[in-house]
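One chain, subunit A, appears in both complexes that follow, with subunit B as partner in the first and subunit C in the second.
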Partner chain A sequence: MFLPASFTLGESMKDGNDMEKQRNFKKFLYSNNTAGYVFSLPFIVGFLGFTLIPILVSMYYSVTDYKLGQEANFIGLQNYLDLFADERFMNSMKVTVIYVVISVPVKLAFALLVAYFLTKQRRGVTFYRSLYYVPSLIGGSVAVALVWKTIFSRRGLANAILAGLGLDKISWLGDPKTAMGILIAMSAWQFGSSMIIFAAGLKEIPTTYYEAADIDGANKFQRFVKITLPCLSPIILYNLVMQTISAFMSFTQAFVITQGGPNDSTNFYALYVYNHAFKWSNMGYASAMSWIMLIIISALTLIIFKTSKFWVFSESDS
Partner chain B sequence: MKRKKIVCLLLSGLLTMGLVSGCGSSSSDEGGDAKNETKTEDTKKDDAAKEEASGDKITLRMAWWGSQTRHDATNKVIEMYEEQNPNVDIEAEFYDFDSYFTKLDTLVAAEDPWDIIQMGGNFPKYENSIEYLDSYIEDGTIDVSDTTDAFLKTTQNNNGDQVGISVGTNTYGIAYDPAMFEEAGVPEPTDDWTWDEWKDACLKITEELGVYGSSKMDNFIAGVTQRVSQAEKDANFFNMEGTGLAWDDPEPIADYFAMIQELTEAGAYPDAGAIKEIKDIENDYLVTGDAAMTWVASNQINSIVNAAGREIKVAPVPRMEKDGAYGMIVQSSQMLCVSKTSEYKQEAAKFINYFVNDIEANKVLNGERGVPIMTEVRETVKAQADDSSKMIYDFVDKIGNFPVENSNVISPEPKTEIEDYDKLLIEKVQYGEMTPEEAADDLLEFAKGKF
Partner chain C sequence: MRTKHRIESVLYHVLICGFGFIMIYPVLWMISGAFKNNTEILNGGLSLIPEVWRWENFVNGWSGFGGISFGTFFKNSLIVAGVSTFGTVISSACVAYAFSRIKFKGSKIWFTAMLCTMMLPAQIILVPQYIIYNKLGWVGTYLPLILPHFFGQAFFIYQMMQFIKGIPRELDEAATIDGCSRYSIFTRIILPLLKPSIVTTIIIQFYWKWDDFMGPMIYLNKPEMYTASLAIKQFADSSSTTDYGAMFAMSALSLIPVFLIFLFFNKYLVEGISSSGLKG
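For the complex of A and B:
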């Protein structure tokens, strides 16, 4: 450490101008901004290479007839026009919306309920909390989807239980309604990450509120509705937005368990995009679909935020 | 402090470089440089090592789809080849059918497909990425002296270019459980049985035994491409040039839809959910005893028989009329191709030659991909065949001896999309959302729109 320093010192004494330059360079090198940029360089490169550039490329492809391995020709908005005449596309939009509208509230309600019980001071609460979190950790994986598929297969656990109860077997994956139900149940089962966030939020609510309500003679239900829900509403908003976005993009379950069937009843948006892009090579068409998805999700998120002022409670307002 | 900062700078710089080079494909130059470097290192260290390293180790990438039996056998043959050719290193990848083509599609788009590609009748879509093998046959790299022009023709395109070398021929049929037929009192299929007989057998078996009459059918072949060729001799659904349809009568297609609908309603054919539960041929409902028949490619008979562990026989696909056309020929089940972008085309061709001609290798492969096209290889494999394999040879011979018909077995580029649409239509008909006639009209219209 000492040697190089004295070396630079000796050098700079020779030539004042050179010293000036070197100092400027050092200033640049050691300034906070430079360090900041250098440290964020890995992210910036990743963001440009894996996010921004692909997004722009897909925007270009969405106005071409690009098929994998072939030339892309500009065709204007034809893909977008074709989409709205495509019955399967309309259907995939419909089933995705059904899935989102049912699975997100069910999942959040379930997560809140479990979080509510797990914030009570009881023995082993942390253990149970981790236990309930496990399904979310492995949630997106193909393995879980395969397990789920096996449970509801013709000779699976679900039918074995039905048979044990003396009921008829059900073709779970063969009936459009039950197939969708299975996917929704699987999503609700993966409530862990929302639950952890709810649990953290519940702990933040000051106990004095509850004590005051107790003195005023409020019952448990009243306390929940008048204290817990309003105090938790910012966190509900956060969970709602995050879960809605991820539900719109759900792919693995439908891809592994139902493959979009039966009769396209679980042909989720993301799955249909995947099939067009990678199975049938219609990259241009799939890109157009992805852009519509982006617009829908953005619009929906915006709407949720706009309505939030009517139901999200913040302490500063009151 | 300063040094710490510089170290940090260097480290983050390195990380970034790693990230950047990580994304880029390892180009041939890089690889070459790295090898040269290790070579000089080795020269200094040790003479024996130099001997090995200077032999210019080349790496060939190869991939295929198939069952576990195929993966095991092919890996074994690759090992044997590497032993005989120490300078060649073959990196093998294997997938199920759908993933294989998804992966190939992305590799083709990146202009970096495997050196040796396994390919089926859907080659027109990938022809731009495939090196024709004619010149390799001419210069003797690939020896075809032991096969016939007819066999070579099974893997040529319309211009007569040799797209690949067939690693086996096959044809389709109906595998069935004779014991179940007997138990249900249904006569066993004959060589000229009809779809009506097939349907009646399905219904009767379901009624008597409570199992599916038939497991999953290939509804696109049985219900569309072969059916069209059966409805009118020498007619085809796709034209020979692969540029469009050569058929516009919805009636035979509608009849097939109606038949499947009737069987599904009677519980003689699996519904859409049950179909999705069949993971591979080893888990087919015929194997598990839940069905009396199933659609089968002749090279899969072995797997089915082994997995079922009981007597399974195979019959030709039913016809529309007793004396009508059969609509199907013996075809190349799959071929090996060399990619146009391969660095080592010559070496890849050499491996293909080994794969199709070497007797020891084929003893291991055991005709699992289909009946070999090389005469001596075929005789060897036949000689070591067990009963179920013998059945394959007899069956393929039988179909090969049917009167010659002009059936198109090459699939044009949009075939997958049309086939998937056909699957959807079958479900729509099964769930009563469409009549068979509407579905057939819709299919023709959709298929036309794809060209």
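For the complex of A and C:
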């Protein structure tokens, strides 16, 4: 009954059938839809398995009191209510925002300035660019964070320099303001990759624009403001979005250098989430925190994109 | 006029070099610290050249802690970074090809999903991922550190797509006329031409994974499985009196692979960074 059709048919028919099946299969295999899904399958599986499902799972756990190794009980919005009453959490939001708002513009301004000076047609520019890229290359590593920690320790290099200048020693990591300052400086120090992106963008600006401005009698500053900045604005937008997101999530530096201290003054968001999730195993609470962060970052990205209409210049507008 | 130009030029180079020197001073200081002892380091000597070259720091550092040498840690780092880089390249190239060259049903939705993933910070899904991996019994293995990379990574997919856009479509069309399918166009045309972008991906992903600290810290619990970055942090914390010289020696060693890649593939790296997300 369930024998394959070809089994009961004559030999020649069987061949024909098989061939047709094969042809159909080939047609199916080589169609755009199949090929498209075959090639994008890794992403689709990964997106569902490693992004979408975890996000949904965290939504569920954010309304439970889940701790590792214990049962998860539904507690409604209690975690969220607790969060807004949690002074350490509010403080961690505050210090993270301060860090982002200062470090990102400083870093980008630095990157743009250096890129601007390094696009001039001079010898050694490539070498200099590599030199300035070194901090970005290794800055994210634990090794470099430990170096910074040692430099700013009580008897470290920074204080030795101060002593050499006849100044008093400073407890760099003991004072909330300097501790934050060190982390901001360290982030600005890694301006290399933004700089390379800017440099590539600067190269794309047609020199005729500058020549025309020269003829009209524009000075260097005017040329920078009226030509360089508008032409570069899409790249500034890209750098701004990417750097803001990564600054919001900075973890390693604070974890190694300040451990969030002194007095929670550098207790960044990612650090606080880490502590709740992995130190105190409050997975439910940490999930709620992740959700708030997701909402904040999405809103922020959206705001940047929406406002970009007013300051990002695109070719199609002109 | 000519002398004025020359003075200006010299001034430019002196300023740029001087500033560059300040920029990499902490790195140089670390390297020289690898040859100093605790008192020399902690008493804040500005000098970059140690009085005595203490090679024994490397021997002390290499012996690691808990009877596990840094050889093991470097080997672990190499495995994790190497395998996940391999996975990233293969999967991202396939996905980039699908998104940029094949029109299929739903491709727009998946493309949008990819852009969203690119802007989604990894830490946000860290907690639920941990919960899931924990239930699957993957915590304490390399799986959470390696496996997700075999499913494409949005940042690299996007970068490769930008690159594929620059490959003339006429090549695909000519190949189709010659009887190539979608699959052979990928293996015979796109993949070979994608080489520069692949090299960039290898470099960036390798050093991201090599430097990764949070992942290994969360998922690895046996010291013999630690990666180098985690081991260095543990080494710094392990005893009450940290051997700074040995710590810096190992730190310097851990940066060598990154530097080597940078030296040899500098050109690709700069091109890759500048092409990612510029045009388009």
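By definition in this document, the second predicted complex is superposed on the first by the 300 of 318 C-alpha atoms of A that agree within 3 Å, B and C clash if a C-alpha of one lies under 4 Å from a C-alpha of the other, contacts with A are read in each partner's own complex, and residues count from 1 in each chain.
By our rule, contacts are C-beta pairs under 8 Å (C-beta built on N, C-alpha and C of every residue); 3 or more make two chains touch, one makes a residue touch a chain.
The structure displayed is predicted, hence computed values, not measured ones.
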Touching partner for A:W280 - first (subunit B), second (subunit C), both, neither: first
Dominant contact partner of subunit A by residue count, subunit C or subunit B: C
Touched partner set for A:L229, first subunit B, second subunit C, both or neither: neither
Which of subunit B and subunit C A:Y30 touches, first, second, both or neither: both
Touched partner set for A:M19, first subunit B, second subunit C, both or neither: neither
Partner chain(s) touched by A:S153 [first = subunit B, second = subunit C, both, neither]: both
First, second, both or neither for A:A213, with subunit B first and subunit C second: neither
Partner chain(s) touched by A:L68 [first = subunit B, second = subunit C, both, neither]: both
Subunit B versus subunit C as contact partner of A:V45, first or second or both or neither: both
Which of subunit B and subunit C A:D264 touches, first, second, both or neither: first
Contacts on subunit A seen with subunit B and repeated with subunit C across the two complexes: 30, 35, 38-39, 41-42, 45-46, 49-50, 68, 153, 278
Touching residues on subunit A, where the partner in the complex is subunit B: 1, 4-5, 29-30, 35, 38-39, 41-42, 45-46, 49-50, 68-69, 88, 149, 153-154, 171-176, 179, 258-259, 261-264, 275, 278-282
Of all residues in subunit B, those that touch subunit A in their complex: 2-3, 5, 8-9, 12-13, 15-16, 19-20, 23, 98, 101-102, 105-106, 108-109, 125-126, 128-129, 271-274, 276-277, 414, 416-417, 420, 424, 427-428, 430-431, 433
Residue ranges of subunit C in contact with subunit A within the complex: 9, 12-13, 16-17, 20, 23-24, 26-27, 29-30, 33, 41-46, 91, 94-95, 97-99, 102-105, 107, 110, 113-114, 117, 119-132, 134, 148, 150-152, 157, 181-183, 186, 207-208, 211, 213-214, 218, 229-230, 232-233, 236, 244, 247-248, 250-252, 254-255, 258-259, 262, 266, 270, 273-278
Residues of subunit A defined as touching subunit C within the complex: 30, 32-47, 49-51, 53-55, 57-58, 61, 66, 68, 117-118, 120, 122, 124, 128-135, 137-138, 140-144, 146-148, 150-151, 153, 155-161, 163-164, 189, 193, 196-197, 199-201, 204, 235, 238, 241-242, 245-246, 248-249, 251-252, 255-256, 270, 273-274, 277-278, 283, 286-287, 290, 293-294, 297, 301
